[in-house]
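Okay, so subunit A shows up in both of these, paired with subunit B first and subunit C after.
Now for the complex of A and B:
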């Protein structure tokens, strides 16, 4: 059984118009593996992550099933809170925001350990220092007494990762953990996340809009568009040959160092559908180069075979490789 | 933004650069020391009558530096006693309003929804009661004493604090570090105590320093009206009330306690202003 099993997850938001951010998503994350969800902004990837840990806004509703280690997380009361602390760590996009500004880093980390339970204050502080060393923060002991505003953005993100790791989670959720950082620091943080998941035997669910970020890290890729998973595949097969036209477009849009100077950046024409609009057919059809009349009238179901799956009437390859 | 020290050390540095606030702090420390130690060092008790010097002007009679009132009681000793009572009530009432107001507001703001509505409507109801009327009822039922006055002032003092704190808590609970704590498995009590309250201490401390002079004024006002501290106990309010009846013949009886009150309120206000500037993160 997979560590995290998401089945038919749907997230709606009430409002003047009812908005469906996530639409019948199936995903699973195996132990000690890394799944990356890739998509444009507004594709629902962040809401997918937030709904798993019960952090949806007050007008949001999640339906379907999210089972973590066999325990249902959706609609669960207290057991879910305990699972969240011990089993799931969460790294947010903006580390400065996820650290309490008026408390010292050492106290915050210790607090995260104590909140999850089963550890004394003294042990928690020692553990905080070890964790800061583990996230490669130089002079960890000295930084225990610092406030978040005294650190640089990259250091803050390291501290935020350390805080998420304090309860020794089995899986780490990371919601665009590098978008707030500059390029060189991004690479460091991504490498760090990869190392940590190996060292701690921890699974990862990574959300990003940057395929470059996940290429070296993810074991499995899921491409999300307008609330649906369009394609999911093992990373090696995905990068070798994406089957969905949207995936192919995303990959083609990644600039390469081998391109001759002056090469125009490729992009996918058009914009994603506005949230709240529903199309009778495939939601990527208006932007798809391979669209046929059938695509306009009939929404392709998500067909999975083994660990791969696709929602397209006319994939680039049939799955018989 | 300073690279050295924490938020509070930075704030102290900025406060130290504010001469007015620093001078106010020094004067407040002096006044507190004088009010608590002075009466022990002086030769007269607050209700001791000197039959030889009644209504003596300042420096005119041996040992009575600020003169005596019309019963021959030493005015300096009585003013220091009054200061002690007024400041004591003000500090206690502020502590009470801090404890109740901060907890009440933080819980209401963090929980939102129906709990918040119920808690804040209760605050609205208390707001609607006229305070003086409430104090009169209390003094009729429980008699006139500093304790009754304290309860009466404390019962109203926390209302504004609760409203300020609730507003701050509403904004803070949407911040990502609260989400991070929730995912970390922290319960409501822990989040309020460790993530909400520490982050709103800046505005709270500033408002508290502005509450102290307010309470001193309310106490003086009630004592002036005769429903606060009663003779022979001295408070700044009833000393001023006494002095006001004699102001044409013995100005010092009004000037000494009134000057003391003015100085006290000014100092607290300047200190509060200084703290507000020092703790405002936008000035970093």
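Now for the complex of A and C:
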């Protein structure tokens, strides 16, 4: 059984008109592995993550099933709340959002440890120092007394990661953990996340818009578009040759230093759909180079085979395994 | 024949606090370069390095603490705003966030035509609208969007409109400040390709500012690398990318993600002494990059390295040790 099993997850938001942000998503994260959900803004990737831990806005509703280690997380209840607190760590894009500005870093980390239970305040402070060392913060002891604003953006993100790890979660949810950082720092944080999941035997569910960020870190990739998973595959297979035209377009759109100067950047025509638009056919059809009449009339179902799956009538190549 | 644009030792300072003894931060510190007519020059650096301030200094949107800006052979940093106004149509600016650039109460076509009101006072409303329509067509904005308001269009569509508005006054130079950073990945390429085509077809010069070296290198023949207010390396792309001479250029190149099936990530190093938000100040002495540099030697902390010619091909580098690696710094090995 996978550590995290998402089945038929649908997230709707009430409002002047009902908006479906996540539409019947199936995903699973195996123990000690990293799944990356890749999508553009408005694809529903963040709402998917938030709905799993009960952090949707008040007008948001999640349906379907999210099972963590066999326990259902959707819906209220004490067991679910305990798991959200202990089993799942959460890192956001903006580290200053997850740290309290007026309290010292040591106190905040210790509090996270104490809340998870089982340790004294004294032990929690010692654990906080160990955790800061683990996220490669030099002179960890000295930083315990710092306030968040005394650190650089990259260091703050390291502290936010340390805080998320204090309860020793089995899985870390990370929502665009490097997007707000400088490029050189971004590479460091990605390397750190990879090392931590190896060292702690921790699974990861990473959400990002940047395929460059996840290559080399993710074991499995799921591409999300307008609320649906369009393709899901093992990372090595995905980067060797994605099957969905949208995945291929995203991959080709990552600028590379290997391109000769003056090369036209490959890109996907058109614009991502506005949230709440519904089409009778495939949601990517208006932007797809390979679209045929069938794509306009019939929404392709997500067909999975083994660990891979695709929602496309005319994939770039057939799965020949 | 003088260059289209020349900056000589331009310095821009911001006061960090108010009061009598207010410390100052040199956001742009002694920057000199030239830009030829029709050239696309790239400027890369991370947040807080002063790249946007430099773009603004060229357009006289921030006052210079020192230095000179010459436009087509004429010094422009001492002009009154009235005198500068006459030149201003030659220099246009495209910002990162198109939503912030367009008046939410004007339709897209009205916004695009707007600059003509001041620069072409003799034009009738009909003529202005016709000119705006021609440019919107050129930047590839679908005509059903022309009469919409900004909130009814996407970021990529609006950025096309902003580019059309910059072009409507026939500028000689467009400063593009992170023009694609706020856009979706699948749309960024469209805008980059559009800028490249327009630059080619209009013979425009452009200063393309970005934090992403891969985008800049793909677009610009010549690239400038900036760190904490100073230019650390200027070189043609053809030599900068395969053989960077400044350790910071190497670090930026190494941070460009590769998407390849066999990519192996590096192991995490200790957090570096990256500049903190509240102290992006440059050390008074020595090299600005010394605190983060893997090749640092005592002289780097004592003397500020001048930007000087190194290795030919018009390359300039500000590093004491650049001559020790004439073939360029090798990539950091993945581990």
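The rule is simple: the second predicted complex is superposed on the first by the 319 of 321 C-alpha atoms of A that agree within 3 Å, B and C clash if a C-alpha of one lies under 4 Å from a C-alpha of the other, contacts with A are read in each partner's own complex, and residues count from 1 in each chain.
Everything below uses one rule, namely that a residue touches a chain if its C-beta (ideal position, glycine included) is under 8 Å from a C-beta of that chain, and two chains touch if they have at least 3 such contacts.
Just so we're clear, the structure is a prediction, and the values are computed from it rather than from any experiment.
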Inset, instruction - After lining both complexes up on subunit A, report clash or fit for subunit B versus subunit C. - result: fit
Inset, instruction - Classify the contacts of A:31 with the two partner chains as first (subunit B alone), second (subunit C alone), both, or neither. - result: neither
Inset, instruction - With both structures superposed on the shared chain, find the angle between the C-alpha centres of subunit B and subunit C as seen from the C-alpha centre of subunit A, to the nearest 10 degrees. - result: 80
Inset, instruction - Pick one for A:211: touches subunit B only (first), subunit C only (second), both, or neither. - result: second
Inset, instruction - Could you say whether A:98 touches subunit B, subunit C, both of them, or neither, answering first, second, both or neither? - result: first
Inset, instruction - Go through the superposed model and pick first if A:168 touches only subunit B, second if only subunit C, both, or neither. - result: neither
Inset, instruction - Give one of first, second, both or neither to describe whether A:111 is in contact with subunit B, with subunit C, with both, or with none. - result: first
Inset, instruction - Using the superposition on chain A described above, determine whether A:61 touches subunit B (first), subunit C (second), both, or neither. - result: neither
Legend entry - Chain touching more of subunit A, residue-wise (subunit B, subunit C): C
Inset, instruction - Could you say whether A:150 touches subunit B, subunit C, both of them, or neither, answering first, second, both or neither? - result: both
Legend entry - subunit B and subunit C, minimum CA distance [Å, superposed model]: 6
Legend entry - subunit B and subunit C contact sites that coincide on subunit A, given as residue numbers: 149-150
Legend entry - Sites on subunit B touched by subunit A in the complex: 1, 3, 6-7, 112, 175-177, 179-187, 190, 194-195, 198-199, 201-202, 281, 284
Legend entry - Residues of subunit A defined as touching subunit B within the complex: 53-55, 58, 81-82, 84-86, 88-90, 92, 94, 97-104, 111-112, 115-117, 146-147, 149-150, 160, 163-164, 166-167, 173
Legend entry - subunit A - residues contacting subunit C, complex: 40-41, 135-138, 149-155, 158, 182-188, 190-192, 194-195, 209-213, 215-217, 235-237, 239-240, 249-251, 253-257, 259, 261-269, 271-272, 274, 287
Inset, instruction - In the complex, go through subunit C and note every residue touching subunit A. - result: 46-47, 154, 156-157, 184-190, 192-193, 196, 211-215, 217-221, 237-238, 241, 251-261, 263-272, 274-278
